[in-house]
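See the structures that follow.
Paired with chain B in one complex and with chain C in the other, chain A is shared by the two complexes that follow.
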Partner chain A sequence: MDAIILQILNGLDKGGAYALIALGLTLIFGTLGVVNFAHGALFMLGAFCSVTFVRILTISERVRDESVTFFEAYKEIPYLEIWYGDAGKAIVAWAVPLSILLAVPVMLLVGFAMERGLIRFFYKRSHAEQILVTFGLAIVLQEIVKYFFGANPIPITAPPALAGSADIGALFGLPNISYPMWRIVYFLFSLAVIAVVFAFLQLTTFGMVVRAGMADRETVGLLGINIGRKFTIVFGIAAVVAGLAGVMYTPILAPNYHLGMEFLVLSFVVVVVGGMGSLVGAVFAGFLLGILQSFASMTEVKAIFPGIDQIIIYLVAVVILLVRPRGLMGRRGVMEA
Partner chain B sequence: MSQSVMTSQENPGEGMGESPAESHAPRGDGMRGFLASSRSDWLLVAVFAAAILTMPIWLAPIGAGYPDILQKFAIFGIFALGFNILFGFSGYLSFGHAAFLGAGSYAAVWMFKLLSMNALIALAFAIVVGGVFALLIGFVSLRRSGIYFSILTLAFAQMSYNLAYSVLTPITNGETGLQVTISDPRVLDAMFGGVARRGVPELFGMELQGWPGFYFSAVLLILAFFLTLRIRNSTFGLMLFAIKSNQNRMNYTGFATRPYLLAAFVISGMYAGLAGGLLAVTDPLAGADRMQWTASGEVVLMTILGGVGTLLGPVIGAAVMKYLEQIFSSFNEGVLHRTFDFLPTGLQDFMVAITSPFVGEGWQLTLGLLFMIVVIFLPGGIMEGVRRIASRFRSGRGGASPTPAPAGGGH
Partner chain C sequence: MAIDTTAWSRRRILKTGAALGTGLAVPHVFVRNAWSQNNQFCNNPTGGNVVLGFNVPQSGPYADEGADELRAFKLAVQHLNGEGDGGLMKTLKPSSLKGNGVLGKKVTFVTGDTQTKSDAARASAKRMIEADKAIMISGGSSSGVAVAVQSLCQDMGVIFMAGLTHSNDTTGKDKRRYGFRHFFNAYMSGQALGPVLGEEYGKDRKAYHLTADYTWGWTQEESIKNATEALGWQTVQAVRTPLGAGDFSQYLTPVLNSGADVLILNHYGGDMVNSLRQAVTQFDMKSKQVNGKDFQIVVPLFSELMAQGAGDAVKGILGTANWDWKLDNEASKVLAKSFGEAYGSPPSQAAQTCYVQTLLYANAVETAGTFYPPEVIKALEGFEFDGMGNGPTLYRAEDHQCFKDCLVVRGKENPTNQFDLMEIVKVVPRDQVTYDPSIFGGELGPADVKGCAA
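Right after this comes the complex of A and B.
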């Protein structure tokens, strides 16, 4: 029982990341009709927003370390700490969540620029060409990041208050289950972002138009609604969602420049399993596959099916596509041709 | 040459309108079409063969006249030719073709280890393995089309890659990669007294290193090209083009399209297996990274760069890409400084500063940009560019005179 709860927890944070990326992919696909292979790169850019922000906050001065007396030792103290004392120290400690402040405008801009500069010319081109051009863009983006940040993973730490593990077992009345707190934060965060996106789509007029667009793009256009403008905003939102997923993921996995590609392939599988064009399906499949993956990496399971943890997601995708061609919640008429 | 390419290229397009009626004709027609070649086809193959075999001469001025890189041109040319049979002819975009390349490499190295260092045995087995593997994956993947097909092939390739790294280590030797060692049995070599030499693949006593290695690959490339030409001109090829242009109509007219697609998939898997085997012949070592999805993306790019659906395009695309890779990744700041030597110092430093991110380690950046530029501005690839220039030439000169071919184009 303990092990099962632990594995479910294990899957939730990864599932959260898959769900957020897949949500954006589906949104873009459903409204713009574009297969965006650069979406993983947006996730990666978000992660590096966080890296940049942390670096800016921790610009430091080298000062003599007085506590060491028998040789000359130096330590680095961030300027923020020097200027603002404890408040500055707290800001530095909470750098990762705070970098959301930087990531939202940056990702929005990146999204707008991508849509206006490249994607909009590909609405009428074939899916193969969309895949290819965004694949090229993904390579370019990750190489730019590699140029500035190097090829090695950059470890980022969670705020000290959230870095420990939480006694999660107490919630279920079970002892002995403790779990890294940041991963739980990540899961809750991804739920919150998903909730905001769904609320936006369900409760605002803009969201209504977007949903209408997902159902029947042509008719919405014929009704005299300026879809071009809406498309840009939708793309921006999807970019922000992917970016936020990346920002908060940095303490879990040290980001490197090809982080995006790894997540992209899996997220696409998630989208296909959930059903092309179904937002609920994308979220559901994201968590489902995340949890399945963590179950597959249990030693007991691996003893029976060696290597299953490496292939479980793809295997599930293959089976689901063959049994339910439209994915778990796919709608009729989406990507049938 | 470009002339004959162009005219023969139009054939499938013209044939398509009448193909439903035509392909009801008995299958023997297809067989006869396969064997009988028109004169222009023979000419094309002859010119192609001449161009490939003389590559060491006419590519020497641009610094590609040495066997290693030419062999790469030939091998990846075969890979791209095969990929084009699937993607170019039938329109099915597979994102997992590297799996067959990797499987071919493993198969060839196993033959080197178990039976003989003779390259022909290894290649035959590599082709068979590539084909069987493609049959399995294709049988499942072809149940879906469009992006679902792409994702399925990608999923299978990733599965193979992950398994090759982990569980299949007894077969693939995991991260180290599969290698030929002195202590391998090599049953046939031992039986016929062939002394296991330095572990270099050979062809009846001739070691396939350096120039012999290139010519061996080149001959296979020419054979592969000829076969592709025959496939394209056959009824089978017409069917693939028809599926590409409108699969629904094909289904409505009562054709089971899937067997044709599966055949195309298996054939292209065999090409990939052959290419993978040849990679093992150049260097008897097989690693799982050959199966990674970036490798699948690479062959897609080669095909697009050269020209999807054309005959020569994939070969040209493969060569251009391998050439650029070689050039760009070998550049460093020193070489750049020498290149811009003719400029005044300040300008020279400036040029070096702005170009250095694109070369050496940054070659991938150039690759990505190239990828985007080609897809955005020249979806038809290099062949499309050549055709546009040629047609401009012709209209400029009043039509009649055929333009001289730009020599198969290394550029």
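Right after this comes the complex of A and C.
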């Protein structure tokens, strides 16, 4: 029982990341009809917003390290720590959540720039061409990040108050169930972002227009609504969602330049399983596949199906495509001849 | 009966034979290896330069080690060419090194990126041999890569001086005549670490292994399992994880509820940094109690670079190392100073082994008086030396494995400076980690191969 609860929790935090990326992918596909292979790169850019913010906060003075006697060594002390002491240290410690403040405007701008500067020229082109150009863009973005930040993963730490593990079992009256606190925070954060996006689409006039545009773009245009501009904003919002997923993921996994590619393929599978163009499907499939992947890593399961942890997601995708080609919640006519 | 005086007596035949033999041998005795100089071999350097090929991971999970290895190679080349402070050229004993390059030729180098992938590593080594005319290949921070490149070098007749590779297979079942390893191996780690684990954590323990799923991980897991089970420990589970997995949470999640009270991470480089950080800082394992005992984490192969990456998570963690810059011997101090002045940080164990391998190759060439690989191999096989930081060391002829003291180390609880991250718990003597070469099988293969033919 303990093991099952723990693997579900593990699947939920992984699923949170998959769901957030897949949500943005589906939003873009549903509104603009674009298959965006650069979406993983947006997740990676979000993670590097966090890295950049941490680096800004830790701009340091280089001072001689007298404790090293073999050679002339130097150590770096952040100016924030020099100027503000413990308060400065606390700000540095909470850098990851604080970097959301940087990530939102940056990712919005990146989204607008991508859509206006490149993607809009490919609206009427085939999906194959869209995939090629967005995949190329993803490679360009990751090489830019590699140039500035190097190839190695950059460890980022969670705020000390949210590091370590929480006694989750106490909530269910079960002993011996503790789970990393930041991963729980990440799951809750992903739920909050998903809720905000759905609320935005369901409860605002803007959202209503976007949903109408997703259903029938031509008719909405005939009503005199500039749907193109609305969709540019949607692209920006999708970029922010992917970026925020990346920002908060940095304490879980040290970011590197190809982080986006690792998540992109999985997220596309999530979209296919959930159903192309279905927002609810993307979120549901994200969590479902996260949990399945987690269970597939259990020793008991691997003992029966060796290597299943590596292929489970793709196996599910194959089965879904065979049994229900439209995906679990896919709309009729989307990506169908 | 007439005696035939024209017939050859036995004495005459012997005398004539001895005279002929001596006469034929004279050029070989006085002009060492004269015959091999005329032999054509792969990338025989003909100009004023000799090219070495340094094949290191510049990306992937072992990229940190790769970067430090490259720094060490550059420093070794400087020292061989008589630049800088000379480093361990001054301490190696016995030494044929002169500080004017190798056999009077200036040492230059080319580099390749193994990407910690066997196929990429073979491709870059092949490129360095075929296009850049490298006479020797060195480097690598992965046993999978080392085994693959070593095999290529055997086929091409180019000596491979392995960098950081810790699998038993490198000088065991996959050993090659053209491959040489200075670094220690998983078996030695097990032999060194086992007794210390018994002393520190007792003999009634249950271990859970997470193991990188490739040649090094398998042999590391086997070696440490053998050593701990010999102590009386039980192995609860041994789970294989993909190399470069990044997020190990799905593998860490079941550990605390498995009944195990020790987690053994058979991971290295970026994988180890990720899995250890996740185990300690996210899953908080070091603060847990299981079976009435403090939960412990062991990392059988440890390095300062990984300690830097993992931060506070390494505190109190036991493991083994091939070398540490804080060792109290002259050569270690000389290398730490030389490397530190050049790069602002002390050398990692990966850097030390690569630096030493470059010097040992150059020394063997000088000793042999030729770049001809079979002669260089002879000079390296059975070479007993000191002054490279590890104490008296033997390059065993039977498997091309170096035998020397190795270290049991622990992540330091209260570091005195940014580089003082590990403390040496025990220097395990060479005799304790020496083994019969036949236990891992394998064949070295021929020394005389058709050069550049792969």
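Assume the second predicted complex is superposed on the first by the 322 of 337 C-alpha atoms of A that agree within 3 Å, B and C clash if a C-alpha of one lies under 4 Å from a C-alpha of the other, contacts with A are read in each partner's own complex, and residues count from 1 in each chain.
Basically, a contact is a pair of C-beta atoms (placed from the backbone, for glycine too) under 8 Å apart; a residue touches a chain by one contact, two chains touch by 3 or more.
Since the model is a prediction, treat every value here as computed from it, not as a measurement.
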Legend entry - Combined model on chain A where chain B meets chain C, clash or fit: fit
Inset, instruction - State whether A:Ile144 touches chain B only (first), chain C only (second), both chains, or neither. - result: first
Inset, instruction - Have a look at where A:Gln310 lands relative to chain B and chain C in the superposition and call it first, second, both or neither. - result: both
Legend entry - Contacts of A:Met276 with chain B and chain C, given as first, second, both or neither: first
Inset, instruction - With the two complexes superposed on chain A, say which partner A:Glu129 touches: chain B (first), chain C (second), both, or neither. - result: first
Inset, instruction - Applying the touch criterion given at the start, work out whether A:Val220 contacts chain B, chain C, both or neither, answering first, second, both or neither. - result: neither
Inset, instruction - May I ask you to decide whether A:Met298 touches chain B, chain C, both, or neither, giving the answer as first, second, both or neither? - result: second
Inset, instruction - Report for A:Pro155: first if it touches chain B alone, second if chain C alone, otherwise both or neither. - result: second
Inset, instruction - If you've got the overlay open, could you tell me the nearest Cα approach between chain B and chain C in whole angstrom? - result: 5
Inset, instruction - Would you tell me the residues on chain A in contact with chain B in one complex that are also in contact with chain C in the other? - result: 310
Legend entry - Sites on chain A touched by chain C in the complex: 2-3, 6-7, 9-10, 13-14, 65, 67-68, 70-75, 151-153, 155, 157-158, 163-165, 176-180, 182-183, 252-254, 262, 293-294, 297-299, 302, 309-310
Legend entry - Complex contacts: residues of chain A adjacent to chain B: 35, 118, 121, 125, 127-129, 131-133, 135-140, 143-144, 147, 261, 265, 268-269, 272, 276, 306-307, 310-311, 314-315, 317-318, 321-322, 325, 335-337
Inset, instruction - Would you mind writing out the residues of chain C in touch with chain A in their complex? - result: 58-60, 63-64, 67, 237, 239, 242, 246-247, 249-251, 253-254, 256-257, 270, 273-274, 277-278, 281-284, 287-288, 309-311, 325, 333, 336-337, 340-341, 344-346, 416-420
Legend entry - Contacting residues of chain B [partner chain A, same complex]: 87, 91, 93, 140, 143-148, 150-152, 154-156, 158-159, 162-163, 165-168, 248, 293-294, 297, 300-301, 304, 357, 362, 364-365, 367-372, 375-376, 379
